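Sharing a structure, written as structure tokens. Questions coming.
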Amino acid sequence: WDEPVVMELGRPGGRGQLFPAPEAEIAEAVGDNPVPEAMRRKDRPVLPEITEFEAQRHYLHLSQMTLGMMGVSLFGTCTMKYNSKTSEFATWRPQIAEVHPYQHPDTLQGVLEIMHDFDGILQSLSGMDQFVFQPGGGADAAYTMTAVARAYWADRGQLGQRTEMVTSIQAHPCNPATAAAAGFTVINLPLEENGYPSLEALKAALSERTALIMLNNPDDMGIYNPEIREWVQAAKDVGALCFYDHANFNGVMGKLSARELGFDACMFMLHKTFGAPKAGGGPAVGAFGCSAELAPYMPAPVVAKQGDRYVLDEDRPKSCGKIREFWGNVPQVVKAYAWARAMGAEGIQLASDISVVANNYMDHRLAKLPGIERSNPDVTKRRMEMTRWSLAPLHEETGIGTVEIANRMADYGIDPWWMSHEPWIVPQPFTPEAGELWSKEDIDLWIDVLAKIMQEARENPELVRTAPHNQPIAQVKGDAFENPSKWAMTWRAYLRKRDQAAAQGAA
Amino acid sequence: WDEPVVMELGRPGGRGQLFPAPEAEIAEAVGDNPVPEAMRRKDRPVLPEITEFEAQRHYLHLSQMTLGMMGVSLFGTCTMKYNSKTSEFATWRPQIAEVHPYQHPDTLQGVLEIMHDFDGILQSLSGMDQFVFQPGGGADAAYTMTAVARAYWADRGQLGQRTEMVTSIQAHPCNPATAAAAGFTVINLPLEENGYPSLEALKAALSERTALIMLNNPDDMGIYNPEIREWVQAAKDVGALCFYDHANFNGVMGKLSARELGFDACMFMLHKTFGAPKAGGGPAVGAFGCSAELAPYMPAPVVAKQGDRYVLDEDRPKSCGKIREFWGNVPQVVKAYAWARAMGAEGIQLASDISVVANNYMDHRLAKLPGIERSNPDVTKRRMEMTRWSLAPLHEETGIGTVEIANRMADYGIDPWWMSHEPWIVPQPFTPEAGELWSKEDIDLWIDVLAKIMQEARENPELVRTAPHNQPIAQVKGDAFENPSKWAMTWRAYLRKRDQAAAQGAA
Amino acid sequence: MTGPTRAHPWMANSAPGMLEAMLAEIGAANLAEVLEQIPQDHFRKTPLNLPPQLASEMELKRDLLGKLRKNATCEENLSFLGAGVWQHHVPAIVDEIVGRTEFATNVWGSYQSDHGRNQAWFEFSSQLGALLNLDVVQLPVYSWGCAIGHAIRMAARKTGRNKVLLARLSDPERLSVIRTYCQPQEMDGAIEIVLVEPDAATGRLDLADLRGKLGPDVAAVYFENPAYLGTIETEAAQIARLTRAAGAETIVGVDPISLGVMTAPGDYGADIVTGPVQPLGVHMNCGGGVGGFIASRDEPEYVHQYNGFLVSVAETVQPGQLGFGLACPHQNSYGQREHGNDWTGNSTYLWAIAGAVYMSLLGPDGFAEVGRLIISRARYAAKLLAEVPGVRVHWPDTTFKEFVVNFDETGLSVAEINDRLRARGIFGGKDLSGEGLGLGQSALWCVTEVHSAADLRRAAQTLSEVLK
Amino acid sequence: MTGPTRAHPWMANSAPGMLEAMLAEIGAANLAEVLEQIPQDHFRKTPLNLPPQLASEMELKRDLLGKLRKNATCEENLSFLGAGVWQHHVPAIVDEIVGRTEFATNVWGSYQSDHGRNQAWFEFSSQLGALLNLDVVQLPVYSWGCAIGHAIRMAARKTGRNKVLLARLSDPERLSVIRTYCQPQEMDGAIEIVLVEPDAATGRLDLADLRGKLGPDVAAVYFENPAYLGTIETEAAQIARLTRAAGAETIVGVDPISLGVMTAPGDYGADIVTGPVQPLGVHMNCGGGVGGFIASRDEPEYVHQYNGFLVSVAETVQPGQLGFGLACPHQNSYGQREHGNDWTGNSTYLWAIAGAVYMSLLGPDGFAEVGRLIISRARYAAKLLAEVPGVRVHWPDTTFKEFVVNFDETGLSVAEINDRLRARGIFGGKDLSGEGLGLGQSALWCVTEVHSAADLRRAAQTLSEVLK
């Protein structure tokens, strides 16, 4: 489809949606236009004027111009899962969709039961004592941790003193960023050759100023920090709180317990690990769980059971306050609950086994491709559920790097891969993750395509450099994105700048 | 997508759907396999073994490889309409989807009310006294007419005598075909130069053997038979029943009343005129309506209102019997009801106006294209809501005809057009119909594409002959379709014949 | 004429001025000029009398949902209704796919532009063929009854004979449809229907009676397996042998959801096979989920008798690529009008896509599991109900998912009992007492995979309560 | 380790033998070898204690629907709840599009492979910009409260000041979120929150109090229009002038569904605008439908303060073709970790698509109609309720869709009254009595386009009945 921007469609007076005029009795009672004169809109907003069908056709075209989940996506660090339509359809029912969070709890027993039961499931998986689903994503759950830490230290009168958060340079950016936004000073630990920071560096960073540490494990390289117990102990020794960012839960779910390892709190990404669709960037849920000691500081409300009845416990005087309005993206919680029920304990453990074995199968095949190399080559042990690779040798040989190859993969129906979070410690990185969803055939296809493109890079680098060639559009030029006279976040800005440029060109 | 046949996907033991084992109490009570030994299946059916995701991905690919309603389709004789998702979603509710037709009427008051109200709407539009929705499509409604005619004549003791059905050679094939299947002898009247059979020919064909006549008006040429009242009168004069095939209702809806014109019965295609989706060939509904005199012979049950209550009237001793199980494709009836309510009387009339004017606008522009000519060129009056055209001049000039151009249109995102029902009275026919859905811009685009392809036919006929070029597959070769050693209606037949051919090739 | 003051969302050219612009372009002063073909006295005199327009989607939705809310569903209630429409589990993916606008649309294109749909149709036939062990499957017709009607007419055309034998214990709903297709006898080409008596002990066909009626004028024997009253026809192979010996065609009706555990009809001598499509992933839809398939062996004398659409795989002009199209398109009524085989038209092809997705999800193991689950639960239900005082179950040991429950000894009618059950959230089985089958106050109960053991215990418990 | 005996439908490699095959290929004898990185004493000791597996979709669906059925809905009941989540009409096309698996999926691709989604996002910003009369709109953040929090922090970064003025009559839910973003004061970079008193007669901001608090340390003034209690801020332009004069930023919160009839905030001097996304075609979803937008003028000093994703149109290497991508991607936390603007992550971008479809369906006339309908119905409701003996409505003449209903004279608490209404199928307004706003036994009622005149009469009638 060569699809115009919606603002270009339509005709004067075209309508996609009508509303009735107020009933006669209403018009009579309140007049024709009750908006105060001072605040009445005079201009007509410049919106498209199209039929219902034209809106449908336009957005169906756009949907078909989105590769989403139609090919093979081994998008590392995000654990591509099957997004069950069973639970999707359940949450489209009016029993969720047309429910207001301020309804009386008597009218919400179904959804409260599900949230309560799912809380129990996460408690078992993590060893924590209470979960809350208010955070709107993984980053928001990290932010929740920082808010809880503030409330915890404030309650102890040490908020002015506990000002530092310690993490690894390789932790997800949301951990240092949310801590900084919450007002903490961030200390990033560098990596050693074994792929993780040294215990000595940690101990040097910890002090009576440390409010909390925020860690993930395994990391995005697929490396597991075997000293994690000692890390937690070291933090506890200075009184700091320990937060486990369970973004990479897939490789260890059912195998580890955050609480048994000593952590005070953790978070799960329900839109990732628990099979709720991420929808290209949310609505998502970062489920935040913590020990009974920290629970009083959580955002309110939490779901509780009183006898046979489920209630929302709002009376939490030590709470850090709200992270976000209401109780979270409830439909996503229902989908995560459904995922956990469909998988069961045995399925969750099996999924973890499959994820790790499948990644090692990938490693095994990828290792045979000349031109790529594994990150942290000194770590020779088998990796966890994903591995970071580098295209540095191919890039040196051909000038073709990870961006070009990702673009070219789409031409084969393979979704572009994940490269790496910032900073790019590994040059020309890519990070595949097979998870439990994809078949061995899918994985083999993915590797075959990569091998083919690497061959293209050697034989016809221009073909790869100018990719994609059979996607809806050609390669996007990036120069506008940092240029205030060219960037345009709305159609009105685009038209204005285009006209300005034309006028300047004419002048 | 280069999508394999589903039978080629999967792996041994792959599962897309699990069912629980019978509960222990059940196994204990009835044993492990209650199927009688003589009837137990021994082989394992050769079905795909794939995951739920793989089934989803496969069929999503197939959906994306179907142009359906994504472009511009002016498919004549079928009146492409907007298929409202509002009513679609309403019928996916369990209040329709999970309802059994044998439920007690007390539990069906909602759907019965809708059917009753919609019956009233059709009564007003046609002047008939009762409608029934059992027929599964327009052809089935025609068949219903023949069954009703049989019951009517049987009730009068004349069934052995009233053996003939008279229609026009230009009527939809379903009319003669269903009459023949019902055991009537079909008399087809030829067309005169004015585009319809002569009244004299009709009168010559009518006799005391005539059970019924079956007519549409306007026809697919866009020609309205101005003698229709006289036709009906002539049929009545010999006692025959008159059936109005309202397939082409769009041009006259709100303007004509079948009953006022004298017809005894008519049918509406709800999947066409009334905005229910046809879904590439049903489920559809041919709503059959008739006068009070014929109503006792209709298939049972009909929906009736008794006081405040809606009931199914099954006690109809003169009924022709069932045309089909149950009461029809109920969700489609609900969608048609929704269409009629959303349009209202004023909207229905306006839609008809727009349909006729838009077709005349098309005619106006098409007439300027050299290489095509209007059917029945002697009929110079403005056509109704569609017009049949002929590509004969272009075909003579370039060898490119209607099939080739239809194939090529798909390359421009235009759905292949409708050519003509059999027999092709007009050479190289095509029959566009604009209806009320499509915008003037859509119509202009359609004509522009046609003009462009006609130019291609002159400049590069091979390009058109070998089209399509950007559809999911290349032109299908038709030789297998009449060849028993090559046709294959199942994958097992395909494999068998392929192996046989290979064996023969080797021998 | 003046155009509307407010455009309608479903009509692009209802925007102000569009109609006038087109009229101007074609040189017509007004609409009347454009309608010049219609004589003045043809225009309707009675004004339209329709309920008020609900052009606002919000109002339309409210009207629809408000009305539909008056229905009670088999989802909230515990239903044991079957007999032609059955409550089976519908996988969500089936709903997703058949709901895709690309499929649920009006448009009908070419073999190339509709390739995906054609492939899905071919996959329906291919997978159903694998369940049936038959090579030819047509796209579904309107219903099972219609499929039987066409199949009998196929047999009559093929054999040149005009009599068909059916079971007396047939579904009156399907039988009425079959009569419509075959009779009345006065008509040209009518087919006589002769009923074969049941074996009283088993409910199955009485083979002696069948033998006696199988003469040289018989075009076909039609029987169902499982039959209307749920009974499994264990003598199917013998019936087919007898039929073939008489030069007639064996037509079988099967429930496709049984074919993971029951012998494929292609393996016991069926020539033509029919059955309902609804169990394969289609909601009951208040009866609007029905469709009927027809299948046969791959021999030209069968293939040339089909009335509808046969989707065949075919090569394309690109070597190695497979496409799909219609085989023998000229033998149907589109091609030959009154000389075609019966007739065809829009049918229930969306349900072929549903069936394709459904069968691909289940696979061989899924069909084995669901078949075993259904028959086990149904037998268990029969057992529990038979234990309720006053309740008897006919032929309890040879049924699949349906079975006959007799209440004669309770002194109550089926209607009364079902009223009482309904008040407790249970829809009892279909009332058979008015069907002239000689079964007294009996009901046809249907149990499927959706009924848990707890549901069945609840049903039996409730039944004993309402019978007290 | 042995593999499973039955494959799970969501794990392709759970098919029998697949795990073993991969282990063999990589030369590992068992799973333990593959997990060699994890020290033995790290493995969990507590066994998992989860409810039983429901691997069968049929059982899973039954569990979900059985639980959800215990909820009562605003569709069957007549609800007047609002306050951050409102019951508006959601067009079916919006549901269709956001439900498309291509959009409702995990996958995140490139600008080219996700072109359709990027365009839809750009169209969200473009259309919202047209409603706001502003040139820059960011993809939505988690909620309106979060949007306000980020907007205040933008203003603080831009001005280098650390105080913000807010209305005392603020939504406690949003205010709590804002406090989380700005405070506590002990933290580095904290922003002090100062509340501005209301004008008692109108519920609007007291401009005198505002003037008094607007000092050189104020980064921003934030006010809503309409505000928490439904009041329309007619002095918006004056507030913006005062704020600008003090060198501070004017941040406004608007309800986008009001913008067909209410002045665009870009036209009365707003520098940064926030608002909820939920009214634009998102179901209430038990509160899970929220999202918050942030918009501003197109000046680099604003653009460079955004925390999230700014989708910009861009050229592609093919002349004349437009694509889309992220502007200023390096200023957020993905690019700069703790040095980025606040943080970003997964948010509520699916609702941007919902909003794009919604706005394209309504167009200018639809927004005008729906705005007029809402305010008319809400005013009528206020009038009817005020006529009920003992009931009073605060500031009845200056509200949009919400208004404060006071029950002090009835002698009953809001909770008691709402209990009685609920027993009759009506969800009364949100109880304000515990919010410390000095409004006594008051409730915040919300009336939108979904409430017909008959609904409103029913509500007033029922209220007078339950107060008797």
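Per-chain numbering from 1; labels A, B, C and D assigned in written order.
Please note the rule applied: a contact is a pair of C-beta atoms (placed from the backbone, for glycine too) under 8 Å apart; a residue touches a chain by one contact, two chains touch by 3 or more.
This one's a predicted model, so the numbers in the text were calculated from it and none came from an experiment.
Each of A-C and B-C has its own count of C-beta contacts, and the greater count is at B-C.
Listed options A-C, B-C or A-D contain a single repeat of the B-D interface, assigned here to A-C, on the basis that more than half of the contact pairs agree by residue number. One inter-chain figure worth recording: chain A and chain C are separated by 46 Å, centre to centre, where each centre is the mean of the chain's CA atoms. Centroids of chain A and chain D (each the mean of its C-alpha atoms) stand 18 Å apart.
Centre to centre, using the average C-alpha position, chain A and chain B are separated by 47 Å. Multi-chain contact residues of chain C (touching two or more other chains) are listed as 6, 8-12, 18, 55, 57-58, 61, 65, 69, 75-76, 91-93, 95-96, 101-102, 361, 365, 449. Touching two or more other chains at once are residues 11, 13-20, 49, 51-54, 56, 60-61, 64, 69-70, 82, 84-86, 88, 437, 439, 441 of chain A. Interface residues of chain B facing chain A in the complex, by the touch rule stated above, are 1, 11, 51-54, 56-57, 60-61, 64, 69-70, 82, 84-85, 413, 437, 439, 441.
Chain C meets chain A in the complex at residues 6-12, 15-18, 55-59, 91-93, 95-96, 101-102. Residues 11-20, 49, 51-54, 56, 60, 84-86, 88-89 of chain B touch chain D in their complex.
Chain C meets chain D in the complex at residues 6, 9, 57-58, 61-62, 65, 69, 75-76, 89, 91-92, 96, 101, 361, 365, 449-450.
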